[in-house]
Every structure is written in C-alpha cells, then in structure tokens.
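After this come two complexes, each holding chain A, first together with chain B and then together with chain C.
This part shows the complex of A and B:
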C-alpha cells in the first residue's frame, strides 16, 4: 500500500532534480570571441593536432595540409567537408557557434584505418558534456533514493514472510 | 510460480508457433545467412582491399554488427544463434540432413568434451584474441574473411569430433557474449510446467524423436532459468510431446538474479566485454593517432605493448578495481560470504552497463559510416559493378547531432539497470535492507565512474 504513495512522488522528485541540474547549468561562458588560427596536418591515420579547444563564438581559421596521401576533412555538427592533397594547403574559416565536442574525420578514403582517422574540436563551454554528467549523476542519485525507499517498504513485507538469505 | 507475469508468445500467436515448429524454418534462415556470409567471405578474399568499399567489411562489421548488438541481442537474446550460418555446415554434416530429421545417430566421432572446458573460458580467450587484432580484422577484408572462414572450419571440425553444437556452446567467441547479454532480453524459452518434465520419463527434448533432434546445445529445457545456454533452435518445441515449451515475453534482467548459476567465467566475460567497449572507444573513436598505429601493428614491439596493456586492463585492472569496490561493499555491509563469491555475484550487475556501452560505441561508428552499405550492396567486390544503381552513393555521415543524445541515453539506461541489479544482488547476500543498500553504494560508485569514462571519451 505504502508503495503507491512513495513511488510516484520519488520518481517525480528525481526527475525534478534531473531537470534542475540539466537546465541550471549556465549556457556558455562569457569569454569574448577571438580570432584563432589552427594548423592541422593530416597523415595516415591521424590529424595533428588531434584535439583543438576553442571558445564558443571564436572565429576559427584552419590551415589544412596533408603530408603523405590525399585526405579529407569533415567536421561533425558543422557539416563542411574539404579535400586536401599533399603540397596544396587549404584554408577553412568558420565561426564556432555551437558548443560541444565535434569530431573531424578524414573524408577521402586513404587506407585501412581511414574510417577511424578522427580528431576532435571542443567548443567551450562544453555544455552538452556537463549536462550529460549532470544527467548521469542525478539519474544515479534518483535510482539510489528509489532503492532506499522501495527497499525499506519491501523489507517490512519480506520480514513478515520470513524470506531466507542465500547462504 | 515460474511463468508468473509472463506472456507466452506461442500461445498468443499461433502462426508464430507454426513457423517455429516447421522443420524448414531454421535451415531456410541459415541458408539465407549462409549465402550472405559466403558472399562476405568471397568479397573479402577476392574483392578490393579498401574496407569501406568491400561487402565483406561493410556488411559484417557495420550492418551485421549493428543489427546484432543494437537490435537482436537486447530485444531477442540469442535469436542470432537461431539463424547463424557459422555452425550450419557442421550441423548438417553431423545430421547428414538439412531439413528432415534423419533417424539414427549423429555422424560424429562422439568424443567427450573435456569437463574443464564446459564453461565459457575458451570463449573469453577467443574474444580477447580477436579483440587484440580487431583493428586489423575490422579494416582488412582478406584478414576478416580468413577469420570468418576459420570460424566456419572450426565449426565443421568440432562437429566431426564432438556431438552437437560444441562450437556454439563452448568455443564461438561471438556466442559467448551473445549468451551473456541474452540474459537481458525480454524474451525467454522455458517450460510451462517443470513438474511435467520431471514426470516425463523419456525426455524427448534430450533424446530427440521423429519430430526433431535432442537439444543441440546440450541444454535441458526443464531446468532452464536463464537464456545463456539456450540457442533458440526450437528443436525442443518440435520434440516435446507434452506441448510444454513456451516462448515468454517477460521483464528483462531476471536471469541475472539466478544466484546458483553465477560463475567466475561469466563474471570475467562481463569484465572483458566492458573493458573492450572502453578500449575500442578510445582506440578506434578517439583522437590518438599513436594508439591507432600501435593497434594497427605499425611495429611489432608497439603492438606488443598495446596487446599487453589491453590484456592487463581487461584481466587485471578492471576486475581488480571492481574487486576493490566489492571488498568495500562487503566490509561496510558486513556480508559474510567470501570475497571471491561476492565479486562473481556483483559482476552480473555490470552486464547491463556493458551492453549499453557496446550499443553506445556501435552508434558511434555505424551512423557515420552506414552509408557505405548502399555502395557495397551494388558493388560488393569493389570491381565497379552497379547492381542496384547505388554504387556511387557518396559517404554521407548521419545523425552526428543526435549521436551524443543517443549515447548518453543508452549509457544512463544501462547504468540505472546496473544499480537496480546491484541492489537486488546485494539483497540476496544480506537479508536486511540497510546492509544491502550500503553494499550497493561502492559498486554503484564503480558503475558511475565507468559511465563517466565513456562520457569523457564521447563528449568531453
């Protein structure tokens, strides 16, 4: 009987907590946007550097080179694609207006590991990441609260049935 | 009651029962998958070495893999084993028949499978072995084809030496993890009433009769409590004269709570699978070129280091850290059971997290590379064919903007499932709620930590 009262309230409470955490995270920091020039070199099967960190709003110019075979550059989330041949540098300019982590991938088959030739652009503040952490923590907390409460009522029921422990 | 809260699908859906009882059903499915499998092997051996243009790579490691890990296993358990082509030649040879049941003994040497191997350790080792070379296997069509071919040959050889599907049950590296994760599926094959089995003298499901063979998986349906050892071949559905076999729709995860069937080999399978998902996410989807080069056997010593790290992480670091969490749980909850026993018990809580991690990892490359399937379908060998007019489909990454949401959602669901299971297992070891709850905390901490590790790799 008691369960009918506690369960919905608990679930509501944990979801409330969840929502709070997710939306209370401030969207983006107040760092003023700057011009950024990044040099990326593509070789089999990596981009150097493999990780670029910028702030949201930054004007990013990527100077792209390839030093062994023909490669490509495709940026997740921003959706642009550029082919790059050895000896011919390419410039890509864009405004990093979306926060989060976006992978750049080779877009021209260049050998066996081509599908895994991946680098990452992190646009700070990385709100999706912090929100995901918030989701995981509040979900775990919600589950533990639920287990604590539900188990408490269950132990009353079970004690009356004299359940046996396993050993 | 055994089947309480369950819905028997066979009773609800008579056409389904008719299909599954038909002798032609399984062989027909196997012939179909065998045809695709043969094409994959041929394409791997004779087709282009460019993996993303080769049917052997694209259909096995993108299409089949995604279907298996994100659909078949989580929703239907061992259903892949129903239709899997790998044991088909061996099984048909053993039976000297494909569809009809041929009376008489199986055509095999009938050796005894060693007792010490009646577990999934071989499957654990096999999976680790394949995993060490996975960067090569996943990207080289000819290597991939030889691996598939060797599975097929192993199936034939083992069925010539041993009775039944020894390969599936004890050897196949894929079968091992399908069995582990099938325990989470919302379907199960069981008997309607175990007492009927006890009373049934001839046990046709074990011996076989004119309607079908004895269980090829060497499983006795009458005592089935978990999905792990039932290959869903539906022979027992055909042979059981008491109409006692049911196919239930059920709440997922109950199999993890079957305390008396928990074993160290399965616990290790749970560690290995979770560890491999973490490592694959870092090696294949991460930004570290040197790590990829090591995994890719750029030089042998580097690969050796990589292999060593891989094995140590899977067999020592991950189980060790988990063991420390269990040690803490045992202490604060004052659980009297031996530590080793508790480690095995609680390891089953990692099974839902592991499956979620594999699904999240799979989303990470399948959505982006799924478009290769269209091209490979029209030009399986990469020879410039255009069978369906899709050969020149360009690489079109899909869903990159929903990907993080999918991954976080799946991982969170897996984590919640894991915490819930942890408490249930703790409750089996401590009758008192308070103690069980305390024991849940350190293990939950471990699961949260692992989940955060995945978040860091995918989003951070």
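This part shows the complex of A and C:
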C-alpha cells in the first residue's frame, strides 16, 4: 500500500520547513559569543556576586578567590569543582554551552552555614527575539492549518464511508 | 512478657552504653594498644578557639610517634618543619591525616597551619620537643643563625622603616617594571658588568640600588632602562628551578594571604595586619632591599608589623629559596637559556 501525501500533511510539512529554515538561518542579531571574565569572591557564607548571567556559547572565565577560609566552587549541570585557598586565586575556563539556571555551591565545609553558600549561573538561551517569534508563529500556523484540513478530510471520509443508517 | 522487657532493656543498654563505649574504647584503648608506637591525637581549630590541641608534644630521641591531625571547624593545613619535609596538605573538617615520625637528634620542631584559616592564622603553631633520653629536662638549644648575626654585627637595623632613602627617589624605576628577560639580552649585547655584580655573595648583601650605582659608573652611556633590566637579570640568577618551585610553594602557603599571590601586598588578609604588607612586586621598594635583610625578616619576623617569624618553620635553605622567589615577583621569571 503506497502512502500518498495528503494535502494537510503537505501544508504542515511546509510550515515545519519554514520553522526549520528560520531556526537554521545564522543568528545575525543573536549576541555573538563573547569572552566573559567573572570575578567571584568566596567568603563565609556567600559568593560575591551571587548571580552571574551569561549567554549560551560565551567563553566564561571565572577568577575565583577566597577571603577568609578555604572554600570550594562546584557548578551544577557543568559538574566541575575547584578548591580555593585564601591568597591563591584559581581560574576556571569553560564554554557555557548548556542553557538554563545552574547553582554553584561551596564544595569545602567552611563553617556552620556552609550548606547555604549558594549562587546561581544563568545561561540565557541566546535565541534572537524575531527568530523565536517566527518559529512560534509558523509552528502555530502550521498546526492550525493541519488540524483544520485534517478535520475537513476526516469529515469527508466519514461521510463517504458511512453506509449504515444512523439511529 | 517479663523476659521480653528484659531483652528490650538489654538492647537499649547496648545502644546507649555499648556504642559510645565501643567507639571511645577503640579510640583510647584498643588502637593505642594495637599500635606499635605512641599515637597522639591533635585537634586543629582556628586560633581563636585555641588552635592545635595539644600544642606541645615531647618526644624522646629514637621514639616513634604517630601524629593524627583532625580538623574541627574549617579547612586547615599541616606541615612540620624545619627540615623534615613533612607537608600533610589541606585537612578539611572531619578529615584526619596522620604521619609517623621518629627523630635522630634532640631539637625543636614546629607543626603549623599552612592554610589561611582566620585572622590569627599565623598563631596556629605547635612544638615538638625532641629530648635526649639521658637528660630529658635539657631544652635543645636553637642553632644561631650566621646571616642574622652578621647583619647585627654590621649594625644593620632589620626593623628599619620601609621608606626608601631620599637620594634614590629620582630613579625612574616606577615608570616601568624592570624585566629579567630583557636584561639578559642587554648583558649579551655587551653591557660592561662589574665583577662584584657577578658575585652571588656580593649580591646577597647589597641592594639593587647600590648595584645600579656601580653599573652606571661603568656604563655611563647606556640607557637607565638597560641598566635596570640588567640588574633584574642578575638578581634572579641565583635560583635553581627546584629552589624556585620550593619558594613558590612556601610563598603561596605562608605569605600570599597577606602579601598577595603576585606580591602586590594585596592579599585577602592584608587588612588584618597591623602594618600594610609590603609589595614585592614594587621595584621602588625592592630596589632598596638586601637579600640577607629579607632573609632575616622572614626568619625573625617584623617587630610590631604583624609579620610572623618563620625561622622556626623553615630551614635556612628554604628561606633562601623563598627570598629568591620574592625577587622573581619583582623582576619576573629568570631566563632559562643558560645558568650562572
């Protein structure tokens, strides 16, 4: 049995293609990856700054210092850990290739409130605004047309195949 | 029913009494009984909470002891000196690190914290007194330090104020950082270096400013920058790679918290000291310093400045390694194309 392409499928597929094309176009207005140098100072019981915001694809270098006792830096999601002693700075370089919000926490027991020594790294998805809107609208339009056409065909089929009288 | 109650009571007793007894019994009776040598448990707390407990240990010559260091609050580090080469590294809270030692000669050794742990971190020290079993009450005498004695005989005030003398104020060394790398090229390019400047012993007891005067007298036509770079090169020449690595390790463990990792005098603990920590990366300061005075300051400490003494922790060789590392903070890493 050959599977012939129905009209609603064709329309939906073309809209899907459009969404893909929009997505695949080089992100002209997206912020290009930049080098970011962040200085984080760890003290009892906080990181300063406690929140870092970067874009996906950025090359992030964290210059880590400790001011009172030995602290650690563990970044959830990326999964790396670094000890830091007061006076001896450490550098962590990585590419923020995962979007989302990730906690960084102290990895060396540093005192009574050590479990609460948490900060967060926000990696923005770095999708340009117009592209996000284009993808959402073309997907929504494709979906609506598909449903509308499919509904038309189905009701047609129902009408054609209905031989039994209804009660 | 009666029997079951007795059984429950027995189980309760086992939990409430048996468990602590087993733990403490192992700690204080079973382990010492099984160990072939004496075990000393040392608890490490920040100095505000009394530092090491105990902070004085007496050992006889030839006796083997096991020291077990446990950290009770924040991360500490333990090393024992001088000259034992014992560095247990960082000890996190809850961690226990042990070392078994025996001593051949009477003497006094110091175990000390190697990680900045509180504003009073440098007070965190304990002593091991190794005494002769024949006369255990004799306190081993400290070895006199020839370099410091020579300085005192010379009439040098080790605690003199840090301000540079006025006659060198016109040196434009603050305009740029003298570079040992460039100095090598200058000397290879035919700069006439006086014989004294080639002598490591002379360099040890003279300041770069004095060397500059000699060099200028010999080479009046050269640029000041060339002369300063040449001095930077000469002053970083006495360093073997291993000594430099030792110096760097000791510096990062013991000095960086106040003096800063790259010698800027800007470590995180700089604000806690009585006097501002000096900046070794400042050529204006270092041009007026003598290596042997720096050595003496490290070993003896700075009176009233907050600079602790390290003479009881390091051997003279280790102290020299540290001094040589200090010069590289001023003048950069010595070129490694040839030695001497």
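Following the convention adopted for this analysis, the second predicted complex is superposed on the first by the 96 of 167 C-alpha atoms of A that agree within 3 Å, B and C clash if a C-alpha of one lies under 4 Å from a C-alpha of the other, contacts with A are read in each partner's own complex, and residues count from 1 in each chain.
One rule holds for everything that comes next: contacts are C-beta pairs under 8 Å (C-beta built on N, C-alpha and C of every residue); 3 or more make two chains touch, one makes a residue touch a chain.
Just so it is clear, the model here is predicted, and its values are computed rather than measured.
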**Request:** Once the structures are superposed on A, label A:106 by its partner contacts, choosing first (chain B), second (chain C), both or neither.
**Result:** neither
Is A:96 contacted by the first partner chain B, the second partner chain C, both or neither?
neither
Once chain A of both complexes is superposed, is A:85 in touch with chain B (first), chain C (second), both, or neither? second
Q. Between chain B (first) and chain C (second), which does A:126 come into contact with in this model arrangement: first, second, both, or neither?
A. first
**Request:** Answer with first, second, both or neither: which of chain B and chain C does A:68 touch in the superposed model?
**Result:** second
Requested in this report: Would you check which partner chain A:40 touches, where first means chain B only, second means chain C only, and both and neither mean what they say?
Outcome: neither
- [ ] Considering only the touch criterion stated at the top, classify A:137 as touching first (chain B), second (chain C), both, or neither.
- [x] first
- Looking at the overlay, does A:76 come into contact with chain B only (first), chain C only (second), both, or neither? first
Overlap of chain B and chain C contacts on chain A, residues 109
Chain A residues touching chain B in their complex are 43, 45-48, 50-51, 74, 76-77, 100-103, 105, 107, 109, 112-120, 122, 126, 128-129, 132-133, 135-137, 139-140, 143-144, 147-148, 151-152, 154-155, 158, 163-167
Given the complex, residues on chain C that touch chain A span 73-75, 90, 92-94, 115-118, 252, 255-258, 260-261, 267-269
In the complex, the residues of chain A that touch chain C are 65-70, 83, 85-89, 108-111
Listed in rising order, chain B residues that touch chain A in their complex are 49-53, 135, 139-140, 259, 284-290, 292-293, 296, 336-337, 365, 368-369, 395, 397, 400-401, 404, 408, 411-412, 415-416, 419-420, 423, 427-433, 436-437, 440-441, 444, 447-448, 451-452, 455, 458-460
